[in-house]
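Structures for review follow.
Below are two complexes that have chain A in common, paired first with chain B and then with chain C.
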Partner chain A sequence: MTDLESKLTAEIANLLDDKKVDVFIAFKKAESPLHPQPAFFTESNQLGDFVYNSLCQNNLAAFIPRYPLSARIGMVVRGCENRAVNHLVVEKQHARENIFMIGVPCEGLVDWHKLVNRFGEEMIAVDEAKDEIMISYRDRQIRAPRQELLHDSCLRCVHPNPLSADVTIGELKPEGDPTLARTEVAAFSALDNAARHAWFRKEAERCIRCYACREACPMCYCTECFVDHGVPRWTESTVSPAGMRAWHIVRAFHQAGRCVSCGACERACPMDIKMTYLTEKLNEDMRTKYQFECGMDDKTQPPFAAFNLDDKNRFEL
Partner chain B sequence: MSQILPKKNLKQLLSNWAASYEIYAPQQLEKFAHFMPTNGSELLYIDEQHNTRFPPKALFLPQSETLMKYTRFGAAQETIPESKPRIVFGIRPCDAKAVDLLNLMFLTEKDSDPYYQARRKKTALIGIGCNIPCPSCFCTTVESGPFGRQGMDALLTDLEDIYLVRTLTQTGKTLFAEYPEATEAQEAEAKAVQQRSLKLIDPAFETKGLKAKLDSNFENALWQKFADSCLGCGICTFLCPTCFCFDIADEAQRKERVRNWDTCMFRTYSLEASQHNPRPTRRERTRQRVMHKFSYWLDHVNKIGCTGCGRCVRYCPVGLDIRAMLREFNQLEAEVANG
Partner chain C sequence: MIDHKPKIILFQCQWCLYSAEDQTWVDTQLPVNIHLVKVPCTGRINTLYVLNAVQGGADGVMISGCLPEQCHFKEGNLGARRQLDQFADFLDHIGYERNRVRFTWLDLQDRGRIQRDLAQFEADLTKMPKSEALATRVGGHHD
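Right after this comes the complex of A and B.
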């Protein structure tokens, strides 16, 4: 158990013992070294399995809408998860006073795709030091620089620190450099229509419609997704190019002003499909056109959801 | 007796076959292995130890398959595929066995599925064994193994510069007719490789009596526990080589009736027109996946519907591990017995 894990365990145990939360959502060890499992602790004596490391790839805020508003939920949050919680509060998916956040400044998540694509599927354990990842096989161990294995969303992360946690453990990190995300968005935007469409098709048409991106996303909490709607059907359910493009475009559209750049969608994808180039473009548009960044507080409505009877602007399409 | 295929001859062999067969073999898609058509000129991705992400069942039961085309007033036309004879090269033993299991569902004596049949009957499976199994593999637990032969026409063993070829059917014999017999030393080397691999795979869970334990714990609280972590995505079932549930949809704008893979993980699975769903929550759906493979398959055809390929373990985004789930059920019964 790392020093951070011990501190977190103690903090969580107190919350559970003092009955300040009904459930604490965190991770526990799983047999597969690459995917710690979301766990729902209700008693401090269950914390023996607790784990917190750079392979905890899910955005646990995605589990919040499963609970009734009255449930008192505890969570360990990184910067992006804190923002997701904030935005779920904005969208009235939970009450802020019923969420207790233990904040941890984030070192960035190790992308399992990068690990297996580079080091194969035979690894039996993955450990980490400050700047290095150690990959163990049955008969040998190799080391690789952490930076090379971080998920793309983490490489361009601007807000690694929790913003409004109830307690923060660990030293705050410097804010990230926003130019990297902007440079990537600019590179995509600079392409002509045909090249952008080719890029989009190449990614989207590999899709197997498993909807792991949707299920992993804290903002995709609709009880009925448009692709599941039977009468009328809004889109083909077939894995045809048309059906897959419809899914990827509408999924991204629904994130306008609602995406916290956590990258959980991409990390869940079994086919290594890039998706954040679309949502990052939307995020950049929100920043430049509306001076809005999702989840920076738990009150501000995103521009496309804000509604005001006294709105002086013309209705435009 | 086995034969020898030098690795340097593989391209030539595939291109010879390509004259009369459509060939599918693992190649690199993005950075992972994926079955794609080849005529021998492409770089294959079979010496790597990993299996393909996407299961080769899709070559027999495509994720979306047009069953018929129709017009507004005319007669509907069935679209049964008329493919050339095919070779699936480089299929792993777990996946070849899975195709054999799918035969039990789609090629029964009473009523065969003509779409599946058209593909399966014309396809030869040339397998390759796994010298270094992944830690997520559990083929030996479910009556297969890293060099299992079930469903194959020939099985290759990778011996550095050569493949040792064990032909298993007349089709296999014909395909490799011109290759020389292996020496005794080569046979012995292959056997050593196979045994070494076998030893690397630990038993993952007890299958004896498992069905009874699952059946008697249908309402157990464990199902809710597993469902709590489950995201409800389709990865485990879509990547599974034996999952075959499908749903039929009319793509009216294209005037096609299409059979799509369905998955018990989705909330639309078994949703009835009345909006009633007998599996209304993740609990029932998570249970369905496990019960289908380890209980209902046994009821229907007396086989476990899992070949231990490990894909559901490797790619689950929340680390839900069917091996661990089943061990908990094993444990449960033991506790009752002790009490």
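Right after this comes the complex of A and C.
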């Protein structure tokens, strides 16, 4: 157990023993070291399986809308999860006073796709130091710089620190460089239409419509998704070209002004499909057109909900 | 250049044409390459309608609505503009050219403007290559 894990365990045990929360959402060990699982602790004696490391890939805020507003939920949050909680509060998916956040300044997540693509799947343990990842096989150990294995969303992360956690454990990190995400969007936009479209098709056509990206996203909490709608049927529900493209376009578009750049959607995808190049474009537009960044507080409405007559001059006449 | 008249889907807010002649023209005399979808307000235009038009092979989509402060439902057009404008930018991001989605915000005084704007749009679209991006149901079969 790492030092961080012991501190977190003690903190969580206190919350559960003092009945300050009804459930504490965190992670527990799973069969594969690559995929620690979300866990829902209700008693401190369940914490033996608790784990917290850079392979804990889910955005735990995705579970909040499943609980009634009255449930007192505890959570361990990184920067992006804290922002997701904030925005869920804006969208009235929970009451802020019924959420207790233990914040952890974030070193960035290891992208399991990158890990497996480079080192195979036979590893029996993955450990980490600050800047290094240690991958153990039965007979040997390999070390790799963390930077090379970080998920793309974490590489360009601007706000790794929890913004409004109730307690924070660990040293605050410096803010990330906001030009990184912008440069990536600009580079993609600079390609010609045909090249952008070819990239979009190449990614979308591998989709198996499993909806893991939807389940992983804290903002995808609709009780009935447009793709599951029977009457009217909004789009083809099979893996037809029209259906797959519509899914990718509309899933991303529904996050306009609501995406916290956590990359959980992309990490969840079994087909290693890129999709943050879609959501980051929307995030960038929300920043430039409306000076809005999702989740920075738990009050500000996103641009599509906050229109008003000051928009007059935005109409082209 | 395309060798046929561009296929245009016109989403028209039912309140935006104040002149009866203009509305009658739209209702009865639209050229066959322009397909009319009348809506109660631009605020009622789901982005999925636009996507379906595009996937159905539209060369262009025109959205006609009322100016700010003239919306029948007070602010349906304000929300619509933010969303639909962003959607057009987003489609451009994945290769469906931005100038294939056009807005015409009509004023109380406008007469004959919808005809002029549609004609201009058609002329502009004719100069562009055929829209391949995203069309999946052209001619009734899938690619």
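Criterion: the second predicted complex is superposed on the first by the 306 of 317 C-alpha atoms of A that agree within 3 Å, B and C clash if a C-alpha of one lies under 4 Å from a C-alpha of the other, contacts with A are read in each partner's own complex, and residues count from 1 in each chain.
In this text, a residue touches a chain if its C-beta (ideal position, glycine included) is under 8 Å from a C-beta of that chain, and two chains touch if they have at least 3 such contacts.
What you see is a predicted model, and the numbers here were worked out from it, not measured in a lab.
Asks: Does the superposition put A:S32 against chain B (first), chain C (second), both, or neither?
Replies: A:S32 sits against chain B, while chain C stays out of touch.
Asks: Who does A:H197 touch here: chain B (first), chain C (second), both, or neither?
Replies: In the superposition, A:H197 contacts chain C only.
Asks: After lining up the shared chain so the two structures overlap, which partner does A:S237 touch, if you call chain B first and chain C second: first, second, both or neither?
Replies: It touches chain B, and chain C stays clear.
Asks: Touch check for A:A129: first (chain B), second (chain C), both, or neither?
Replies: Touch status of A:A129: no partner.
Asks: Who does A:D272 touch here: chain B (first), chain C (second), both, or neither?
Replies: The answer is first: A:D272 touches chain B but not chain C.
Asks: According to the stated criteria, A:F307 is in contact with first (chain B), second (chain C), both, or neither; which is it?
Replies: It touches chain C, and chain B stays clear.
Asks: Where on chain A do chain B and chain C both make contact?
Replies: In chain A, residues 240 are touched by chain B and also by chain C.
Asks: Could you list, by residue number, the parts of chain C that touch chain A in their complex?
Replies: 47-48, 51-52, 55, 67-69, 75, 78-79, 81-83, 85-87, 89-97, 103, 105, 107, 133-134, 136-137, 142-143
Asks: Can you tell me which positions in chain A touch chain B when the two form their complex?
Replies: Going by the criterion above, the answer is residues 30-40, 57-58, 62, 113, 116-117, 120-124, 138, 206, 208-212, 214-216, 224, 228, 230, 233, 236-240, 267-268, 270-272.
Asks: In their shared complex, at which residues does chain A touch chain C?
Replies: Interface residues on the chain A side: 188-189, 193-194, 196-198, 200, 226, 234-235, 240-242, 245-246, 249-250, 252-253, 256, 278, 281-282, 285, 289, 303-304, 307-309, 311-312, 314-317.
Asks: Enumerate the contact residues on chain B facing chain A in the complex.
Replies: Chain B residues touching chain A: 29-32, 48-51, 53-54, 63-64, 132, 134-136, 200, 228-229, 231-235, 238-239, 247, 249, 251, 258, 260, 263, 266-268, 271, 313-321, 323-324.
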